[in-house]
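Here's the structure, in structure tokens; my notes come after.
A, B, C and D label the chains in the order they appear, each numbered from 1.
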Amino acid sequence: MPHSARETGKILARVNRLKGQLDAFAKAVEADEDCYQVMLLLASCRGALNGLMGEVVEDHIREHIVEAENKKLATAAGEDLIEIMKSFWK
Amino acid sequence: MPHSARETGKILARVNRLKGQLDAFAKAVEADEDCYQVMLLLASCRGALNGLMGEVVEDHIREHIVEAENKKLATAAGEDLIEIMKSFWK
Amino acid sequence: MPHSARETGKILARVNRLKGQLDAFAKAVEADEDCYQVMLLLASCRGALNGLMGEVVEDHIREHIVEAENKKLATAAGEDLIEIMKSFWK
Amino acid sequence: MPHSARETGKILARVNRLKGQLDAFAKAVEADEDCYQVMLLLASCRGALNGLMGEVVEDHIREHIVEAENKKLATAAGEDLIEIMKSFWK
């Protein structure tokens, strides 16, 4: 199912930012920097990944469930989301 | 929006089970039981609450978004879910 | 390992508050209240349980790892915490 | 506080693997692949980041709290961990 170029661009920008944050974390580990700073960098990576997950799921709800062309597609997209969400309720 | 008595019954049964697990945890804290056992009981409460959250969200996706009577109701239910999910991406 | 009565009291008060929040959620489900309100009540239960988990883990770190009487007890308490934390990294 | 080269190596290997998984996700987004597959790739990134967080926290508990040279350092490392964990209980 096609996504808008704008939405795709936003997601790719988030991925690049997250990769930059992971590099900063790796650098701090290699330089044996203060543990608290190292853990803080990793916690910020986790926040960024959760934000990315939120963006993708929101897009899925809006574009593929609510705006589905018919009930059959909406049902399939709804079940896809439920399957993915299960990893969060464990 | 009305839910089936069966779905409501399943959710209330989960709430009762969780309250029982919380009582077991509180008892273990009061009896000053082994810390690992105490933390394990609380982790199982957390698992039960996550399972309950999953049940409620799945029901919301299926009954209120996919099966909404019209696009306006589906949109509103989708935005409700997005709002709730935000607390998970933080 | 004994805990202070004050710490035990704080934890039991949190459990009671959480049980009250679960009752409010169950009541809202039974009354078939607005779905968003129902999900919000459950999200607040989840926040309360996470806060309780945090309280218990903080107490464990302070009292049973940092303040352990000897290295052997500290090691055992540290491994207990690691085991419990694993359910959060999955 | 210095970490073993072996532990540092393990963490850097995990970072590289995670960056590879993020690239696979970005590629799938760009190719407009099936939404379920895209969300699954991102969920696996989240699993990998949680595993990395677990590795770093376990190392911190073992090396900087349990094995701290004195009580003052253990206390400081314990409070650092508590601070970091707070982002998980929210």
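As a convention for this text, a contact is a pair of C-beta atoms (placed from the backbone, for glycine too) under 8 Å apart; a residue touches a chain by one contact, two chains touch by 3 or more.
What you see is a predicted model, and the numbers here were worked out from it, not measured in a lab.
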Chain A and chain D, separation of their C-alpha mean positions in angstrom: 16
Separation of chain B from chain D, taking each centre as the mean of its C-alpha atoms, in whole Å: 27
Geometric centre distance via CA averages, chain B-chain A, whole Å: 23
In chain B, residues with contacts to at least two other chains: 47, 50, 53, 57, 81, 90
Category of the chain touch graph - line, ring, star, complete, other: ring
Which chain pairs touch, all of them: A-B, A-D, B-C, C-D
Touching residues on chain B, where the partner in the complex is chain C: 1-3, 8, 11-12, 15, 18-19, 22, 25-26, 29-30, 32, 35-36, 38-40, 42-43, 45-47, 49-50, 52-53, 56-57, 60, 64, 77, 80-81, 83-84, 87
Partner chain A, residues of chain B touching it in the complex: 47, 50-51, 53-54, 57-58, 61-62, 65-66, 71, 74-75, 78, 81-82, 85-86, 88-90
